[in-house]
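Heads up, the next two complexes both have chain A, just with different partners, chain B and then chain C.
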Partner chain A sequence: MGSKQKERVHAILYWGLPVLAVILIVVAWVLFSAQHPELMPDPVSVWKRLIKTFVKPIGNTNLFGHAWASLSRVLLALLIAWAFGIFFGILIGWNRTARAIFGSIFEVIRPIPPIAWIPIMIMWFGIGELPKILLVFIGTFVPLVINTSAGISMVDKINISVGKVFGGSNMQILKDIVIPTALPSIFAGIRTSVSSGWTTVLAAEMLAAQRGLGSLVTKGWQGSDMALVLVAVITIAIIGSLLSFLLNKLEKVVCPWNSNK
Partner chain B sequence: MSVDKKKLEEGLKKYQNQQKKLSLKYALLSAAGILGFLLIWQAVVKMGLVNEARLPTPVTILETLIYKVSNESPDGSVLMVNILASLQVALTGFLSAIVIGIPLGLFMGWWEYADRFIRPIFELIRPIPPIAWIPLVVVWMGIGLQAKALIIFFTAFVPCVINAYTGIKLTNKTLINVSKTFGASNFEIFYKVGIPSSLPMVFAGIRVALGNSWSTLVAAEMLAASAGLGYMIQIGRTVARPDIVIVGMVVIGAIGAILSGLLSLCERRLLKWKVNR
Partner chain C sequence: MAEFEDNRPLKVEVKGLTKRFGDLLVLDDLNFNIRKGEFVCVVGPTGCGKTTFLNCLTRIHMPSEGDLYIDGVPADPRKHNISFVFQEPSSLPWMTVEDNIAYGLKIKKLPQAEIDRRVNRILDLMGLQEVRKVYPGELSVSAEQRVIIGRSFAMEPDLLLMDEPYGQMDVKVRFYLEDEVIRLWRELGSTVVFITHNIEEAVYVAERVIILSNKPAHIKEELKIDLPHPRNIADPKFIEYRNYITDKIKWW
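And now, the complex of A and B:
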């Protein structure tokens, strides 16, 4: 009887606590917004504002249009960064001479945060699509190169020697031994690049853009429309979680041996 | 036997010499790479392939850097004041994230009920990029030190919690069972076994947090500030002075690199026991 009672208490706490936490958040939000409507809009007006983004579009497009504007920038930059970043990472991870020459230049540029590039990009290229895609490219290129080259240079020397003993050419060793071993590391780079790209595109849009979720944040902020800011921030958070969820699924398909660790 | 030994030693020496030569060669190549990069940059601008008003030469940038050390224009503070302003904001946010985030993560990793209660709140905050907090925080708290430090806090907090949580969850079960057998209380095990074994992961979290803080700082200062490196860059952009902007970028990069070097140093000191295992 005693152990059964204990189990029941455990079950109540186990499922009750998360529910309690969520309830507390909602209550805190409602109470705070009731007292300070100018600081924090209440849930109902955020919902109304969300509906309004579809009824009365901002910048000629609804919320989906803005989300797609941000996403398409990230995707385009990611595709370019994946191609160049993985290639460059393999190059400097595999060839010591290339690492000495180009790796040093990379090491000098790397510590500059992508967001610090925004002003100079605007000065050079204005506020069109090109500077934003370049910025996201910078933000995604760096983690890719770091992870790829680390993965390549951590490959066990014995495996490479075995490849050599069996008469594999340099290219064959790279393709059949080194790259498969480095794949989990490359994938970690891809994962970091996606979240970094998503953050960078928002920063770029917040500083200068007509369309995109980041520009919605700035518009709401400048127009003291906090409900719009919250609508944009919540959308940003949802898309960010969806992206990382998709990557988790993808990782299980691409390198299934990695998930059992 | 002795002949063999001699031969071996000779071979070893030869090998060491070869390695020394190789590392010298690569060091020289690295220097040549950077030097070549700067020379090409200088040449491209000087030859007029790129407008000098848009891309200043490395020499001009160096001159501006020296100029900014003792001059206040155009943003109203000398370089050192800007650096200190930025460091103050970044370190305030970063340290408070460590002080709050790591114990919270350890706590969540060790006590299940704490995990069940805090996790939903944490999972709501986590996916919001720190930059998106800026408007809300500015409306709530203005653009003072506290507001900027809070933004930095959000960005450094998440990796601290996640890594402390994962680190303590990965504690070797055998160690825990041994302590239990010897009669240690739950809190004692947490303190003497759980925390030390989570430290490597915690440090990895601190490293990510530091990088995040420094890069978010720039964003916070560009959107709302009255001094600091990000502010200096933003002013450089408004008055169309690319040299100021690039000086700001270079200084931010250099300080970021120095901070992460210092952290590595601490890590090596504190985790000495781990290397010897």
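And now, the complex of A and C:
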């Protein structure tokens, strides 16, 4: 087989396999739901339930409203977390004194799963918007700080030497050399923060919320409405993968030298 | 070999330069001068401290004793227009070829028109026009090194320091770039300190060769290469110089 032919076979294979995987899951779903309808509603009833969320809104809003409620919480928290997390990460990675003061605090906070803060947040701030946004902030801020500071402290010495030899000031070296070197790593932190933010907000909504995809899961569960649970779960999955797709595109724009490899 | 006359003004003065890393003495009381516009090669056995010497010149390391003066004042990369070609590939991977070449010029805050002019000239000279928008990671090692050399020449420096810049190149590219360095040196009148362990290369490019001893490095001899450019590596006088220096740095 020629190498061009081989490439074509590979191309078809790598396009085809993901599609095949999805088809297999759907087939398994159909088969399983036919045998155990009480455990798993079939795709048609889930589709009908989805339509119903628009006809008969839950908590005064349709599915889009719930999705937006979750997304807006995440995005707001993420924006704040990116600003503070990247700033702190650079500070800790670049400045030894800052690392001495804050570094160990982050090492202690890091292993705590964000949902472990839920009881404290509810006790302190009730069940409004603030505790949910704060929770997502906590869950996203820490990975950002860790990734950013790791990226900053891994900067190649030779690149700093280049900056010094050309007479760059410390600020210029930080701006022109250190931060660009750390960008791929900062971006890895952003990626982690988005996925962890998305899971955290849903967990928070499952415990206490009127709106949001997490609250739909809880409502479906409490009302033994498995179709509604599945509608929410599938929406969560779709939005999650859309976010990750967007981040991939964004990474190619922000770190073009890295994505060409 | 005899002392020689040179009327050019002094550019670099090295006085009692000593460098220790802990207990390890690397440079032992080096004293010599480099004149303005001179092309000096520093040769010595591998690991004798050549790179440490250059790093002291650029203040990447501070000398333990003694000092280096450029135009009579202690060397300072912020005051002096110093350019450096590192031994290792040192292009900045997140910048395109043209941005890499412009990097030092932007730090020095040159007018944009001047930056464009110089970058274009270097791209032409180094045959890099076609890859100007490409990232260094996509280039071959020798093309990347041409970017780095170009970046240094773009500075039109008072002092150009080169640390075995052609160590990673094949012979053909090396001779081509050696001729390029000579041509640019003559056009721009830069003072060049070129470090190498390749004796043929040193005799091919240098006006004067400073021969270092084994570690701790001291100066064994300063030797003027009295041959016109371009030099012929098969010329008996060239071979005589080459053999003489080889004998001097033999450590076996």
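The working rule: the second predicted complex is superposed on the first by the 233 of 261 C-alpha atoms of A that agree within 3 Å, B and C clash if a C-alpha of one lies under 4 Å from a C-alpha of the other, contacts with A are read in each partner's own complex, and residues count from 1 in each chain.
As a convention for this text, contacts are C-beta pairs under 8 Å (C-beta built on N, C-alpha and C of every residue); 3 or more make two chains touch, one makes a residue touch a chain.
Quick caveat: nothing in here was measured; it's all calculated off a predicted structure.
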For A:171, is the partner it touches chain B (first), chain C (second), both, or none of the two (neither)?
neither
Considering only the touch criterion stated at the top, classify A:55 as touching first (chain B), second (chain C), both, or neither.
neither
With both complexes superposed on chain A, which partner does A:180 reach: first (chain B), second (chain C), both or neither?
second
If we overlay the two complexes on their shared chain A, which of chain B and chain C does A:105 touch? Say first, second, both or neither.
first
Looking at A:236 after the superposition, I want to know if it touches chain B, chain C, both of them or none. Which is it: first, second, both, neither?
first
Per-residue contact with chain A, leading partner among chain C and chain B
B
Examine A:253 and indicate which partner it touches, taking first as chain B and second as chain C; both and neither are also allowed.
neither
Touching chain B in one complex and chain C in the other: list those residues of chain A.
none
Where on chain B does chain A make contact in their complex?
25-27, 29-34, 36-37, 54-55, 112-113, 116-121, 124, 127-136, 138-140, 214-216, 218-219, 222-223, 230, 233-234, 236-237, 240, 242, 245-246, 248-250, 252-254, 256-257, 260
Residues on chain C engaged by chain A in the complex (per definition of touch):
58-60, 77-78, 82-84, 86, 88, 90, 92-95, 103-104, 107-108, 135-138, 155
Partner chain C, residues of chain A touching it in the complex
158-159, 161-168, 172, 176-177, 180-181, 183, 255-258, 260-261
Residues of chain A touching chain B in their complex?
13-14, 17-18, 20-22, 25, 39-40, 96-97, 99-105, 108-120, 122-124, 198-199, 202-203, 206-207, 217-218, 220-221, 226, 229-230, 232-233, 236-238, 240-241, 244
